[in-house]
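Please read through the structure below; I'll follow up with questions.
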C-alpha cells in the first residue's frame, strides 16, 4: 500500500491541477495499491483534518482546468509555530494527521511561504516532496515555476488590448502587473507587449526619467506610451527608506495601488492625462497555457518517480532546462529576484526600453 | 469623381477599422474615381482641417485590427455650438472644410454623442451617413452596435478567470464591467460568465438583498460568489436622489469606482473579504470578434450602397436582424436602455440570478 | 415530485452543457422535489435504459465546458422505426423507459435529425421539450442555434491564421468550413475572415469564375487569395445531376474532401500552387463563446419555464430576437438554408466577395 | 552611415516581425545614420534585387503581427550553386547586390536551409548575422527558436478542442502535428494536450502497440483516446527501409498524409472508427505568443549589438537560457532532433504516455 497526502497552498495559479494530475498519474501507472488523501484549502486541511479520500480518476480530465480542485488558502509560515485561537499546536496537529493517515509521503504544491512550512515539516520528520507553483517565478532552486508563463500571457494580452486604445486616443497608459517583491512577470509581459517603460521592484525608478521618456516619445511623433509597472515598483526616494518607514508610508497612500500613484505623479510632471489598467487577479485565473501544462506535468511526473524511489525532502525544479530534484533545505526562505544586470534587462535596454533609472 | 470624408469619433471600440474597410471596399468595387479624406481624431480633424488623402489600399488588411487607423477623440456635442478658446466657430469650420474638399458625403462612425453632432451637421445641410459604434449597444434605432459583442467576450473572459480563483479560494469577487448609463454589456457577460448577482444602472439595487444572496449561497454550501457590476450601478437610495445631488455625492466618493464602494458595503454587511477586479479599458481594445466583424462589414457595405445611391441622412442599423437605413433624425439623442421587464432579464431570473432588487 | 429525463443527441457542439445547466437551474430554483435522469449517449440511452440518476449539482460549474457531460451519438431518424439487430422495437423501448422512470417530461437537445425523433415521441404521447443545438444554424423555427457562433469564431480564427501565412508566401489558400447541406458557418466566417471567395451548398459555383477572381487579384497586385468553402459546396455541373448520380460521383471522388477537389481544379486552371486547410472537428469543440452561453442559458431557462407550466411539445427557439416556444410539429423535418437573395449575401457582394457564380 | 540588408527566408512562422523589430530598434536607438534595405521574399529578393528602402518606422507596431512584412519563399540550398533558368549565377548575384547597396551587414532570419545559405554567403565574404526562426525548434546551436512555442500553443488548442468532442462521442482521434523530420512540436503539444499516444519521427512506432494502448484504455473504462502524430512519424518497418525506398513508398501512399494512414491501419486492427484532424498551416500563422515575442525581441536586440560591434558570422541563439552568439559555421547543416532518451520523454513515459514502441 502506498499512501499519499496532497495539498495546494498559497495564492492559486494556473496548472496546479495539471501538476497534481502528473503526480497521481505517475504513481497510478506503477502502483494500483494507491491510497490518496486530498487535504482541503492548503495546510488548513492538514491542520484541521479536512481531507477527502480520492481516487486517480478524480485527477483525470483536469489538465487544462484553472484553479485547484483541492482548494487553497494562505497560511503564513510565521504563524505556524503559534497556537491558533483555540490553543491548537498547528505543527503537532499536522504531524498527527500525517500519521493518522499513515502517509508515506506528503506532496505539497506552493510558492515561497509554502516551501518554508514544507521544509519545517521535513525537519519535523515527515516525508515531503514539493512542486514549485507561483505566477511570480521567484522560487529559489528552479529556473521556472508553473503559473508564470500563463500570467505573462494574460498580462501581455492586457497590454495588447490597451495598445490599440492608447494609439487610437493618443494616450499614456499604465498597466499594473502582479509582483510585489519580484518583477519577472512585469519584465517579460512588458517586453512581449511592447512597453516603452518597465518599472520593477528590483530597479527603483526616478519619476523624472519616466516623464522624460514619455515626453521624448511625443516629441518624436509617437502618439502614445505604454508603461508596465509591477505592484511592488518603488521610487528611488522610497527605496532609501527603512522597511518600516516605507510600510507606514504605503499604509497612508491615497491611491488604490502603485499604478495610480505613478499616474498622479506623471500627470503632475507632464500635464497629460494618464490612464491606468489593473488586470489583477485575472493573471492567476483560467486555463494554463501549453508551456505551463508541459512544465507542471513534467515536475509532477518527476515527483512521482521520487516517491516511487522513496526519495523525500526534495522540491522538483527545472535546472539546466530539465526536471531535477533540489533539496528542500536549499530552497526554503530564498527569493529569486530579477537581476538588474541580467542579459534580459540588457537586451531590453538595447531596444530602448527604459527602466526609469 | 466621388469625394468621401470619413472620421471615427468618441471612445474607441473593436471593429471600427472593419466598418471603414466595409465602406471603402463597397465604394471602390463600383467606383474607381474615388477621392477619400480621412479626418484625424474624430470631429477634431474636421474642425481643424487635419485630414489625410487616403487610398482604398489604406483600408485593406485592417479587418481584424483593433482601434482606429484614423484616431479618435471625444468632442462633446454640447460644446459644438460654443466657439473654441481661439474664438473659432466649430460648426462653421466643419462646414467650411466639408466644402473645401468638395465632399459628396461625410461618413461618421460613432456612438451617442457622435450621432447628435452628425445629425446637427445633417441639419446644417451636409450629406452624412453614419455607422453605429459603441461597446455599450445603447444606440437608439439599431438592435446591435459593433464593439458590443467583443466587449462582452472580454468581460466574460475576465469573469471566467476570476471564477477559477474565486472557487479555489472560497471568495466573493466583484467584477466591474463597462457601462455608465446602460447595462447591456454587464447583463450579457454576467449571464455568460455565470454571475450570481448582476447589478445594472437600470435596476437600482438594495445592498441587503445582495448580501442575502451571498450568505444564502454560503449556507447552501456554494463556496464562492461572483457579482457583475456595471460602472453605473446605483443603489435604491441613490436612485432617489436628484441628478445633481447624486453627482455631488459621486464626486465625494472615497472609492476609485462603484465596485469598490459595493465591496466595502458588502464587507460591512457580511464580514467577509470581498475582492474587486476592473478589466477597464481592455474591454474596448484588441481584435474584434467574428460577430463584430460580420456586423461592421455589413453596415459598412450597406453605407456604401446608400452613398452610391445618393441616399444621405441615415444611420445604417440592424433592424429585424438585418441591415437597414434609419433616419438620423430618429436616432440622435436617444438611449437604448436595458428594459427591466425584457425577456432576457426574465430568463436570467428564472435560473436564479439576482439583480439585487 | 417533478421527474425529468434529459439527453443530448447528434453531433456534439459547444454550449450543450450550458443549455442543460440552464434547464436544471431553472427547475431547481422553483422545485426541490426534482428527480433527474440523464440518459447516456443520446437516444441510445433512452432505448437501452442507460441512465444516471443525477442532481442539480451535477449540472453546476459546466457553463463553459465543451462537449456534453451526458455523451451523445447519432441515431438516424429513419432507423428509429426499424427494430435493432436483436429485434428490439426502439420506439416501444423509449416509451417504456420513459414510463419506467415516470417522467413528467423529456428534455432533448439536438439538431435536425434529433428533432424528427423528438416530434415522433411527442406524437407517441410523450411530454417533450427540445433545445436547438447545432453549429450549422440550419434548424427551422429558430433564428439562431447554440454552437453556431462558437463554430464561426473557430473557423474565423483559422482563416485569420492562414491569412498571415498566405500573405507572407503570396499563396492561394482554401479553407474548408463545416456544413454539408447549409452554408451559414462558411458565409459568416468567410466574411469575418476576409475571404475573397465564398462557396456554399446553396449557390453552385463555376470554377472558371473562381479562377477569374484569383487571377484578377494577382493582376491588381494583391499577393494572395483566400477561399472559404463549405463541405457541401457544389459546382454548377454537379448541381444539375440527380441526387443519386451525385452521390455516386462523390463516392468515386479521388480527393479526401471538396476543398482538395476545388484546389486541384484551380491548380489546373491557374497553374498556381493552391494550399488547403481543414479545421474539421475543432469547429465543434472547446469552450462555448459568450454569445452561445447567453443563448444556451436563455433557451434552457425558458424550457424550464415551459416544464414548470406543463407546456409540452415545444422547441425553445429565438424568434424576433427573443426566446419563444415553437410547436415541435412545425420544426421537425425542415432545414433553414442560406437564402441566396438574403441581405447578408447582398452586403457581401457589395464589398466584392465572389460566390463563384 | 550604417547600411543593413534584411530578409526572411523559408516557411513563415510567428514572431518574424517581432525579431526584425528587435534588430532595427536596437540599431536605431544608437544610430541615426541607418540605411535599411528590405529584400522581398527571402533570398529571391537578394538574388534578383527586389529590395525596398525602409525606415525604422516600417518596423514599428509589428511586434504582435503574424507572418513577415518582407514576404518569404523557399530557396533550396542545394539549388543555390546551380544557375537559374536564365543562366544567372545566384551566388554571384547575391554578392553583387550586397555590394551594390554597400551593405555593412546582411541580417537573415530563417531555419535550417536558410542557415546553410547564410553560412555559404559568410564563406563568400559577406558580413552576415542570423536569427533562428522555425516552428520546429530543430536548429542546431540554440536551445529554442521563435515560432516554436506559438506552434505548440496552436497544436495544443487543437487537441483541447478535439478532446471535448472525442469524450462526448467516445471516439479515437488522431491529430497530425507539423514536423517532418523532428518531433518537438508534437511531443510538447501532445503532453500539453493530454495525448495518450505520441508518435514522433525519432521513435519509430509499432501499430500493434498503438492498438494495444487504445484497447487497454477502452478496457479500463476510458471512453476515448487521443493520438498526436508528427507529420514525419514512421513505422518500425518503414524505418528499416533505405531512404530512397521509403520515399518511393511515400510517393505511392494512398492517403493524404501519415495520420490518415495510421487511422486506416488502426481501424483495421481495432475495428473502431478513427477520426483525423490536421491543423496544418494554422500552426505557423497568426500572432506570436508572449514567449515567442520575448525570445524574438531578445535575439533581435542581441543581433543589433553584434552589428554595432562589427561582430559578424554569428547566429544569435539561446544557450544556457540566455541570448548568445554562436558561430554560423557550427550551426549550418545540423538538425536538433528529439533525443529518445531525454528527460522529457522519460517524464512523459512516467505518466503512461505511449510512444508506440
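Assorted remarks:
Chains here go by letter, A, B, C and D, matching the order in which they are written, and residues are numbered from 1 within each.
To be clear about the criterion, a residue touches a chain if its C-beta (ideal position, glycine included) is under 8 Å from a C-beta of that chain, and two chains touch if they have at least 3 such contacts.
Note that the structure is a prediction, hence the values are computed from the model and not measured.
Fewest steps needed to get from subunit A to subunit C, stepping only to touching chains, is 2.
At the far end from subunit A, in terms of centres built from Cα atoms, lies C. Inter-chain centre distance (subunit A to subunit D, centres taken as mean C-alpha positions): 31 Å.
Distance between chain centres (mean CA atoms), subunit A to subunit B: 35 Å. For subunit A, the set of residues that touch two or more other chains comprises 160, 167. Chain-to-chain contact here is organised cyclically: the chains close a single ring, every chain touching exactly two others. Those residues of subunit B lying in contact with subunit A across their complex are 8, 11-12, 16, 41, 65-68, 71-73, 154, 157-158, 160-165, 167-170, 173, 223, 256, 260, 275-282, 284-286.
Interface residues of subunit D, counted against subunit A in their complex, comprise 21-22, 25-26, 29, 61, 63-64, 143, 149, 152-153, 156-157, 160, 167, 188-189, 191-194, 289-291, 293-294, 297-298, 300-302, 304-305, 320-323, 342-344, 347-348, 350-352.
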